[in-house]
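Each chain carries a letter (A, B, C and D) given by its place in the written order, and its residues are counted from 1.
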């Protein structure tokens, strides 16, 4: 993360104010191509309307920064605590998640005005003395990383919403996609194992679930230099991957049967060829690009079919710390995974990579104090860890220690996989 | 129905053109108070977005009039047949009903443009020779009555959508409600029974399900002059109505238990008093006005509690033919049921009245020929008949022979009841 | 119904005692071919275990006769009121219907002992003075007709249970089935319509829902002399009956899609031929025998396909009163519908015939007084009337005025159909 | 595990023959107190009938031993492969799990005869040369451990079935329960952490999921000497444990709300006191005995409330290897958890202990070859590990490396918890 060096509390405040402006503006830019109607729709219970994301991220600053640090703070609208609370039990009751799409009021215009009001109040707050206190800065920084998470969700949720419309409208017009002569012979990168350290350390920002840094014993292993490509995945499909129970976990096979999966989400067969719906419209599947929108179950079955396995998150992190952090992030504007043009190791960007690790607390994990303790810790059950960030993740949001997590049957995120093997 | 007298085919065409303009303008007027966002939302699978109603009624004219009678007709947009078909299997597949709210595109603006285009084409068509043919006029007339049905649905659906928002926004500002000194002693109106005729006859418009006119034997009976009022209904509630299984049909009691019903839909207890959400916002329950938003089960239980019963639809019609057809329709602008100011019989308006009759075909019933045969006939199962029109029904839409129908557990329509008894 | 003529209250008591013995013995005989395990199983929520039927019918006498007329009566087991109450809210809470199969205790042996104890007590009661009172005799008679209804349910429920076992064991060994050279040209029987009377009258037993006898106006009509045969139904299937939405009610078409129906329940395709599972094992479908195990929806779709319709229950009854009441009842021992051997009208036996009539109260209908008022009246919603009795109905149980009723999607009863047409 | 020392292949065969007889006899003994009806019932989809367990364990030997090693083996009944296959996709289709209770045939008598036939064949096989081959012995040994797993399931499933009956019959009569003056001050046992080895090694039997033995890094920790008692758990309940969302994982809190949990399964409030249903009938909750029938969610919430946490499975195993393996197993005949009578560490018996570890493969895990590869590996998703065995587990079945696993919402197993903390 391109963090401005921290010199004094005051200069950290200055840096955060700039960051605040940049992050908030980036959110607005993501919503810009969408109509008022697009921003209201909720196409499934797991997804949220763009308008709701715009309001919720704003409510986060209002509630957890202004509301906590500004004496006698009066909320812009008392009803917003109910409407735009996501899941904080400590804050009170809230609009049921599956009904977020019913909120035609407040209007998008009102939500935009709400953003502006809070931006003004936040700027004033951060410019003052109270806003330069470490606690206030910590909360503000958390709010910015929180908003970056919602930036990615805005994109994954709207992709699902647009796909749910039989007209299949594109979020942005198609862009020329990079072409490569062939799938580069990427190969494997080896790690000798032993006692390693993972997890975040130091003063830089991280979420509580990345801490504390701790020791883990690893057996020697290797990871593929590149994520699995759509071309690789097509070979799995053509080899009967979706029809062979011996390749699947029991829960995965049950999901295949129940939902009738035969390909990744958004893929569609057009005669002999496969196309896929992306944020840039429906395009031919690019065999050289990383495959995306697969569940943990599909990733795991693919790995078994390939005679390999998924990496543990400690393996992933131990190795990623030693590699380049570059990659295809949302900043590139591609909005889709792109083929590698060299055989160099690419640990970051393009697609989140399912790991073999359940999302569980690290040794001596301590959630944030108070109401924000609900941010991460209470979801440590029934989910798998993903690593590396995607083409929809802001570059400044990702780190080697970053732990994303979703239930194993999740398909609408920008999720792919990387192979691992024992050495 | 205030029909212009039919003199010649040409003059019928002229009359219909005027009617076309009026009905189409009335629909637009109903949507006018709603924001772009309001018009997109679908708050439950049974309801539809306003925008969808606007488009579907237009598609009806395009498909069943222009598409059938204009040689070489080219649709405005080929995708609309999929998007805006309601349930016509003969026309082809369609957007699943519960996903109508996902249609952010076409935009409301595009739908409005679609309405304008079809209006222009319909006007041109009706002005020409082909448009003056009886078949074309019949279809056009059907389309207008179809659109009037959707006018009422626009209102019932948006009431549910606005109520689903915790802010409970009003469709229109509150209006002064008429007050009456007391519940008028309405009493009963008697019918001696015998062999009567019901059903529609003659050249005037009716739906196929109202035909043919036929004989029915009736035992002597009486109907209440007025619908049951909210005050009456409150007494039922206070007498444990929702807690006494002996008052209920088995299906009704199961529904009470499953949904936890303790009052009509939209009612809410505020301490000692009851308020209800209406199209004009949340207001105190008016004890003198007809109760609305009750299911057939509640109507039936109320009647049993009152020592009476619901009328059969033949009883209702035989008696209604002899009474005034005046009442509180959508034309009054009240948008809520209002108290009676006299003791005179009021058979029409205010609330649809659940009858004791299942919705079944009349003897020698024949559905319309062809694809429009699906309009009414295929729903003759699992539904109960309602009669009389409501405060959301256009006055020109209703007749004594008019048969509305909904499943017995339906609550979001403007449904109430009238008592009957044997003499 | 072969009722012993009623001369005096005393002789009525004598007659009922003989009837009591016969009916109770008949129930035991139906259970005799079944193992202890067979009698416990509940293969779906709508069906009940044989053991439960044995106990519930006994509990009925204990509760509604002995418990009401014997001073200081002490129940055999206080828990039975909970375990064996079917649906009487007035009697108290009860074992949820879908969990009747969980009742491994009391054991079958205990239930048989319960039957014997109650039989002894009933015999003593009926032999005494209190047992000769009209009220007591009425209740006893009701209990016997109630038990006959459960005799049919024992058979339909065990057929479903045995079919749910992949071994498909037969209830009884196969019996030679009557053969006919050909489907007799049965033709139609005409009724001129007019003002007719239907419903039960007089002192003979009937259920409350058959009363009172009342006038109904009928248009001229004709009914088929025979029920629709499996051969007829096969022609409907071969003509794409299950794939053509235009033949179906909307609810019916939805059920076809949801359940994937392509033939009646219990039918199975074996290469070119169809076989069906019966109480006498899996046999080839007999084209000449009445088709059974179809829903109302299938019956209605078949009738539309055949250019006919289903009869109204008043039509059926008006005509059935004039015909022979003979037929293939459970007394024949066939346990399956059999082909007609003559072209004579057969209104009764073989299969219950779905009518076009919703199950609703007759004019001036009055349920039984008190707790037994729940017997029939509270189910008058969401069900269709069937008429005529089946090959599983006791002959002495049926009458022209008899109204059976089931929801339109019911398949596991011995339900078929007869065609009607307007004249 | 009390294994007879392996000297030569022949003597291993002899030892296994004795073990075979003992294990098979133990299963029959568990079924002995149950009636024919008890052994048929399936009270929920997760549980299976006793009869099914009896047959399935037998089918396991027939299919995976006799069917694989006896040339030209002919199965006792071809249909059993369908009826009694649990989940082996490689073996073919099978009776759906939730419908196992529908199998009234084969009768219990036939299943007992099946057991006898297979016992004779197995004895003959094991006495011959083919039966002394290592592969055959390995499979036989697996079959015995498999059957021991089902012995515990017979007990947990029948407890649920008997509890589902409102009569709440006991499996065995109440036994005097040991009493203790007070909850012994058990305290904690410390482990210094570091690089430890866990997992099974050597020639002794273990399941594939316990292998290979491998290194794990542990931070210093301590485990409670005793499982959490019912008295401890009552204090959690009295402190609002089930009403405080901050104590729960998000999935756990959702489960509490959905199911309305307020106490462990089988607990019931009687006025001021709590009783619980056990295999020995309904008894007062014993505050000094380990609490059982809690989900992972409840265990995890309790630990948070207590200011502690659940142990990781590696912590548990590293410490358990150093402790006594004694405990209250099924061999004691208690069939319920019992209070500790000393303060000594008790790692085994009484209740399975939920760990904080997701059930995942060990490094370099290899499932068994072939069809039995489905035994354990395919369930490594969505489940949590439990350790230590319970009062329903055979003593010879358990080891420090033994990994039991169930979904986190499972309540009907004999599951409790032990606290852990960092040092």
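The rule is short, and it goes like this: a contact is a pair of C-beta atoms (placed from the backbone, for glycine too) under 8 Å apart; a residue touches a chain by one contact, two chains touch by 3 or more.
Note that the coordinates shown come from a computational prediction; the quantities given were computed from them, not determined experimentally.
Note: the chain lying farthest from chain A is C, by mean C-alpha position. Centre-to-centre separation of chain B and chain C, using mean CA positions: 38 Å. Inter-chain spacing, taken between the CA centroids of chain A and chain B, is 47 Å.
Note: centroid distance chain A to chain C, computed from Cα atoms, is 60 Å. Not a single residue position of chain B touches two or more of the other chains. The full set of touching chain pairs reads A-B, A-D, B-C, C-D. In the complex of the two chains, the chain C residues touching chain D come out as 35-38, 40-41, 43, 79, 82-83, 95, 99, 101-108, 161-162, 164-167, 169. By the touch criterion given at the top, residues 87, 89-90, 195, 214-217, 219, 245-246, 248-253, 296-297, 300, 356-358, 360-361, 363-364, 373-374, 378-382, 408, 422 of chain A touch chain D in their complex.
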